[in-house]
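Paired with subunit B in one complex and with subunit C in the other, subunit A is shared by the two complexes that follow.
Presenting the complex of A and B:
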């Protein structure tokens, strides 16, 4: 485990050095990332000028969803950059070099790229969560009693998001041009930034709670932050995270068997 | 001219060769629009008017705007041009009897023809699906102006892409510029939400950028919020921006070629 952590740290440092080689470019992306994150807030701010709640969520509660979404999205970008390494290695045939290394190939392709500019997204998320908690008049005792459960929910959301992304990226083993599958995945993840209660149809709700667990990517963590410990929500989050992670792992191994090197 | 038409034809054929990818993009597009429509439907469940838009107007803004935006998108030509410059492929075009700008333009038109066939199919589906909600307000003259607005929007977006791509003559990485401009474009064009929702100062500021001519104003025209004569003024504004961007392209192309080192030759 320690070895994996060490390798991840090396990759993060390398990614940072790579980005720093073009500082102006890094600065522009970092600013754009923060602006992008802020546009969602502006959107909600504008909307709540006309309505009191959206599907039962008031402005500050909605900001907890947006904050949770940005946190999960930001963490995925800063740790494994939405697994952009997988299609790249398959297309160029450089996966050959990683397969022979004495470490999990899935881990190596996952940490292949980490985007340091997305820490801006994480910082925006933390700012949003803090300011929403203050606006909702939560006492420090309230926040600290809910925080451990919220962290568990966020960790599960990260694992679920990672697994969904891994599924989409692994399709590159069959399709040389798999940008489309990623586009679907990107839109799925992006839609997690809104309260899943807006989906009033029972089948759509079921779909977004199980097959594509959109609800568990941001709405459920926000609910836990608001209402505190909820046994069934925590249990479902953990169960879905475990199921999705092992399913994606199985799919990765299955997909890897279909790898035909492009260069060697 | 024939050689450029061949470039466009080849590009269209190449795009059709990755059918699975195309269907995946269709799925992604559907999802993108579906989520937006669901959000606005949820909002309009408690109010009748939001920012001067009724529910049918807002759904039309989202659906027609979506069709308009995707049809006029040029799909990452910044990256394409950047590669040509940094990998030295540009040298190949310089020694051939082709104009690089014309080449890249027709290459893009080839992609557009492909996108057209795909997005029009989706558009037909959306129009049938939302037929009870969508507003169809244009008369024949309005349709003609709206089509011209689409062509001009495409030219504006393509010109911006080319300018960013040509920045690669000086910069090693233009992804930051592209990403930042893309966010600014979507925000100031009204693609995230109508410009009318923004504070008056920001809304006024957006008129100083070309982006507003590529989404918000054409859709306002479509919705009948801008008159026919207003539509002609929008076309004039678009034409002016195209002229300005073209001059900028010509200027940086000349300057850039002096800087070009022909890496990879």
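Presenting the complex of A and C:
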């Protein structure tokens, strides 16, 4: 485990140095990331200029969902950059070199890229969560009693999001020029930023709670932040995270069998 | 002219070769559109309302804006220009009897036309589903604004691409402009729903001509008497972008150091 942590740290440092080679570019991306995050907040701000609630969620509660979504999205970008390593290595044929290394190939492609500028997204998320908690008049005692459960829910959300992204990215094994999987990942994750209570049809709600578990990517953590410990929500989050992670591992191994090297 | 037509044709063929990306993109956008639909459906089902928009109007607005922004903005065109500059391939065009800007425009038009096909396939049923009705004048103005939007999008991302002459990597610039244009074109939310002060800032820039104006023509929320003024302002902005692109390109070429055979 320590070895994996060390390798991840080396990749994070390398990614940072790579970004620093073009400092202005790094600064511009950092600004763009914050603007990108702010657009979602502005969207809700304008929406709530006309409505009182969205499927029972008021503005500050909705901001807890947006904050949770930005936190998960930010953590995914800062740790594994939405697995951009998978299509890139397959396209260039450099996966060959990784397969023979005495470490999990899935881990290596996952940590291939980590985007330091996305800490701006994480910071925006933390600011949003804090300001929403203040606006909702939560006491410090309230916040600290709910925090451990919220952290568990966010950790599960990260694992679920990672797994969903891994599923989409593995399509690159069949469609070599599959940079387009990024659009799929991005839109699925972005869709988690809305309360899943908006889905009035039972089947759609079931779909977004199980097959594509948008509910567990942001709405459930926000619910735990608001209502505190909920045994069934925590249990479902953990169960889904475990199921999705192992399913994505299985799919990765299955997809890897279809890898045909593009290098000489 | 024929040489640019060949580049235009090649651009469509290149898009066809990587059609998985295009279909992945369309699937992803359709997915996010369904989510938007549920969001507004849930708001209107509670008896709430967004400004003067009916649910049908708002959903039609988002469907059409999405289709236009997908067609005009999300083709990574700036990166094509960047790659040619950073890899030194731009030199090939400097020694050939071919204008780099015109060649890039032909490439961009190829991207747009390729994406227009699904656009038309999707827009036809929407026309009947949302009971939209447009007259000849509206079709004319919609086409005019679509052309103006294409030119603005081309020049902005061309300028973003040639910024590589000066700063090297332009991922940040590209992402920044993409966000700004998406927001200012009314992609995130219809511009007339913003408060007055924000609307004044947005109206100063030409990006509303990419999404908000043409879509509002189709949904019937645009006063056609403003069209000549908006077209004129679009042309002025295009000329400004054209001049800027020319100056930046000439200045960039002077700084270019490309090696190789």
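Note that in this section the second predicted complex is superposed on the first by the 260 of 264 C-alpha atoms of A that agree within 3 Å, B and C clash if a C-alpha of one lies under 4 Å from a C-alpha of the other, contacts with A are read in each partner's own complex, and residues count from 1 in each chain.
Criterion: a contact is a pair of C-beta atoms (placed from the backbone, for glycine too) under 8 Å apart; a residue touches a chain by one contact, two chains touch by 3 or more.
Since the structure is predicted, the reported quantities are computational estimates derived from the model, not experimental observations.
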### Query
Superposed on subunit A, are subunit B and subunit C clashing or fitting side by side?
clash
### Task
Considering only touches as defined above, state whether A:199 meets subunit B (first), subunit C (second), both or neither.
both
### Query
Looking at the overlay, does A:59 come into contact with subunit B only (first), subunit C only (second), both, or neither?
neither
### Query
Which holds for A:36: it touches subunit B only (first), subunit C only (second), both, or neither?
both
### Task
Report for A:177: first if it touches subunit B alone, second if subunit C alone, otherwise both or neither.
both
### subunit A positions touched by subunit B in one structure and by subunit C in the second
21-22, 24-29, 31-32, 35-36, 39, 42-43, 46-47, 50-55, 175, 177-181, 183-184, 186-188, 190-191, 194, 198-200
### Query
For the complex, which residues does subunit A have touching subunit B?
21-22, 24-29, 31-32, 35-36, 39, 42-43, 46-47, 50-55, 175-181, 183-184, 186-188, 190-191, 194, 198-200
### Message
Quick check on the complex: what are the subunit C residues that touch subunit A?
### Response
17-18, 20-25, 27-29, 31-32, 35, 38-39, 41-43, 45-46, 48-51, 167-173, 175-176, 178-180, 182-183, 188-189, 193-195
### Task
Name, in rising order, each residue of subunit A that touches subunit C in their complex.
21-22, 24-33, 35-36, 39, 42-43, 46-47, 49-55, 117, 175, 177-181, 183-184, 186-188, 190-191, 194, 197-200, 204
### Task
Show which residues of subunit B lie in contact with subunit A when the two form their complex.
18, 20-29, 31-32, 35, 38-39, 41-43, 46-47, 49-51, 171-177, 179-180, 182-184, 187, 192-193, 197-198
